[in-house]
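There are two complexes below, and they share subunit A, which is joined by subunit B in the first and by subunit C in the second.
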Partner chain A sequence: MSRLRLYQIVIVAGFVLLLEALCLAGVIDRVTMPPPHIILRDLARLVLAGRYFGEIGKSLANVLAAFASAYLIGVVTGTILHGYKTVRQILDPLFATYYAIPVFAFYPLFIVMFGLGDGPQILIGFMLAIVAVIITTLNGLDRVPAVLKKTARVNGLNALQTARLITLPFCAPYLLTAAKLALAYAFIGVIGSEFIMARSGMGYEISYAYTNFDNATMYPLILLILLLSIAANSLLSHWERVLLARRGQT
Partner chain B sequence: MQKAAGATFRNTIILIVGLFVFWELAYLLVGEVALRSPWQTIQFLGGLMRTDLFWLHLADSLKAFAVALVIAVALGLFIGFALGLHRLSGDAMEPMLVALYSIPKITLYPIILLAFGIGISAKIAFGAIHGIIPVALFTLSAVRATKPILIKTGRVLKLSPTVMVREILFPAAVPEIFTGIRVGFSLTLIGTILGEMFAAQRGLGYLLMNAISLYNIDLIMSVTFLLIVLAASVNTLLLAIDRRLHHG
Partner chain C sequence: MSAAQVTLRGVTKVFPAVAGGEAVHALGPIDIEIRKGEFFAVVGPSGCGKSTLLELIAGLTSTTQGKIEFEGRAIQENVPEGVGVVFQEDACFPWLNVRGNVEFGLRQKNIGSDEKARRAAAVIDMMGLRDFAESYPAQLSGGMRQRVCIARTIVAEPRLILLDEPFGALDQQTRLLMGDEVLRLWRQTGATVFLITHALDEAAMLADRIVVMSARPGKAIDLVETGWPRERDSRIVERENFGALTSRLWKTLREESLKTMGRSG
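Let's turn to the complex of A and B:
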């Protein structure tokens, strides 16, 4: 395990050093990309000056709004849908094809419908995230052992109580996977929309810096977004592994 | 099997009709200001298809997409087999690939634009980076799931890595690899269109963004509709082949 970690660190460090060497040697010119140590310095400067805190906060708030709404509505929809077999079968082709559809193509339409505010961005994040949540919830509910369901029936629990006390706790690892997917999709949706067309937010700042050839702002911001999304993702992945390991032991 | 296929077909029809009804209701609710009805959209799309300019944009998108897909599949297969054959590399790289898969890749687009310049090569590169990772991940897990006895047989016969991949690993992994290619297909398409939406002078994505500045709702709706129909129908076809490969 530790050997694996070491190997991973070597790969990442090697990649960064390679970039650094290529930049310093002039193979990658300054206009295309500043060397990694300059990017890090710019990032530190940017964070210390607190220049983009407002934009970062706004993007994260929109990501959170998209994530929370998609997660809540998704879990509830999945739970309800689990009880209606016919409706589920009809929606099945939609679920199978959903992620092949370029959801971002709806963004222009949403801008026309709701104006160029936070609404369309959150809606894109929500649309990307919700179906993953529904599918994962259904997947977990399908795996609830019959004996648990029987126990619920023997104890005379109603549908709501069964969901709250038996099925949803059993599905905890699946619900966590759903949260992980929803967060990743909310991130992609909101930052992507800001990037394509918006008036504020981190994605917007990156595209603004790009149009102004402002590499000293663009690269640190890109790095910051990547670090944020990777950190959130690995945190949830770690929690997921812990939960699954505990499941395996009992 | 025949009966199940019939049920799926019936469900798909119900779903499509349902979506159209939903669309029509949304149109009746929101009105002409921001939406068009399904019928108006299809009519406008028909008119659009009679213009030369539209086919120019479509051809440009399809060309970029096709090249991107070839690159994504080739590189993805290569990475997947390389990592699958070397245990430690595979174990080390897999979580990193998964993490890369979940980042908002669109933020990398300015870097690609700086490296390739605005034009078709940037679009191709951007489409390809969307598709490579899923193809690689599915190939990796397929190679790992290959029955040990097959690999042992190859070792006993002292096959070289190339022959091993060609004669044993690839045939055994075809169904999984196809799933990877199916997912890679969709993501490459999304990547290409996304690239066109940000900085391009041609292509369907550009047409969409251009329509916003012109406030041309007819154009927005018909291009969105076309993209969705294209993506959904190709995916349905690939999904059918995928299922046959897995159960056939």
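Let's turn to the complex of A and C:
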């Protein structure tokens, strides 16, 4: 284990131990938050009982749908936009200010348009994620050295082959960063939407537990979302590290 | 050596004005004939259009006026079959290992994967990269990466190899040794080599004939025949007439370089 990783673990463990101490000492009262060891015990209880598997599966499926659609459409859109300078210049101000728009404000409109099913939640996740993917893809494509594009021409590649064999592989680290952002935004969008108006999903269950003062459910579910999000992001980060190490960019 | 493989007749390149600036007359008119199988070098002051000249011959850009032919066929904004280019910048693909980089040069060849692997392995051997075939460019030195780029070019067996200051980023010792490598490859492959360089000693050591270009717009102002034997290497610099040759090149080039710097001799 590297020294850096050790420090990271020590910081997280230290934070958890501090919370534990504050809770046990009564500085944080139990109605506000149970000690971390109780949250862990409740999480194990929930998981072993299989009580929320349906909700977890539903939320994860929606996150995956939002992530996959935003990622695929975002990478393709970014790649196409990169070839059309004027269109990109027109859209640049929109991209620059996009995250100032409160996407969640459109949620009621999406419910009117798409009903109370999963559609509005996936759409919110998609909308939050796609622009980050487009911007990151464009950023990567901007950095492709001119000499690689010339090499593509010397090797007789057409535009599609150049994108597939040269520019997109060169941008792979940027595309992985785009995936990490898309995943994080998809989680925020879907779980956040479930909080607001949904009738199912992990976000809804957390919200329901909160309104019923059910800490034994709320905190374990929050922890579960955290763990799932961190696990998915860690997997992508691992791939990113392998890719960058191969390119001597660690 | 025999008939002209590449001919340039009245070739001119003018870059159109950009964002309110003025059009740039970069090159020409220039007339050059490159003979089949020779090692031809071009030297000239910075900004005289040497790289533009190479890109015109490679079909990477089009002429404003004049005509370029490769083996009797006109070149105009498409890279002709049989032409390979090695650039000054590192053009290795960082996501492919040495073997993958070299095999990439065979993409356009209609041959099976076994044959591709065999040819790539042969060129990797020829370039002294056998022990690094599975290494990625980031694990190699600058000189080795340039050898990978040369290997990727020659694996396709081009009849004309264009070298755009390929050793520009390397130290002097590595440049001399790479020069030996290129001379060996030139003899082994029988290809014509067209070298762009700013290093007079490099041109004098490697080439059969050297064109000296004027300051912008670049024109051919001198053509020097070195008279070296085909079997040669970097030890040619020890010859008495090597100094005289580089002196002649410098004498012609000095005036032009001073013009580039806005001074007179």
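Here is the rule we go by: the second predicted complex is superposed on the first by the 243 of 250 C-alpha atoms of A that agree within 3 Å, B and C clash if a C-alpha of one lies under 4 Å from a C-alpha of the other, contacts with A are read in each partner's own complex, and residues count from 1 in each chain.
FYI, a contact is a pair of C-beta atoms (placed from the backbone, for glycine too) under 8 Å apart; a residue touches a chain by one contact, two chains touch by 3 or more.
Since we're looking at a predicted model, the values are computed, not measured.
Contacts of A:Y7 after superposition: subunit B is touched, whereas subunit C is not reached. By the touch criterion defined above, A:F15 lies against neither subunit B nor subunit C after alignment on the C-alpha atoms of chain A. Of the two partners subunit B and subunit C, more subunit A residues are in touch with B. When the shared chain is aligned, no partner comes close enough to touch A:F53: not subunit B, not subunit C. Of the two partner chains, neither subunit B nor subunit C is touched by A:Y84. Applying the stated contact rule after C-alpha superposition, one finds that A:F187 touches subunit B and leaves subunit C untouched.
Chain contact summary for the complex, subunit B toward subunit A: residues 7-8, 11-12, 14-15, 18-19, 30, 34-35, 88-89, 91-93, 95-96, 98-99, 102-111, 113-115, 183, 185-186, 189-190, 193-194, 197-198, 205, 208-209, 211-212, 215, 217, 220-221, 223-224, 227-228, 231-232, 234-236, 239.
Subunit C makes touch with subunit A in their complex at residues 58, 60, 79, 83-85, 87, 89-91, 93-95, 104-105, 107-108, 136-139.
Taken together, the subunit A residues at the contact with subunit C in this complex read 145, 147-148, 150-151, 153-157, 165-166, 169-170, 172, 243, 246-249. Note for the complex: subunit A touches subunit B at residues 3-4, 7-8, 11-12, 31-33, 89-94, 96-97, 99-102, 104-109, 111-113, 184, 187-188, 191-192, 195-197, 203, 206-207, 209-210, 218-219, 222, 225-226, 229-230, 233-234, 237.
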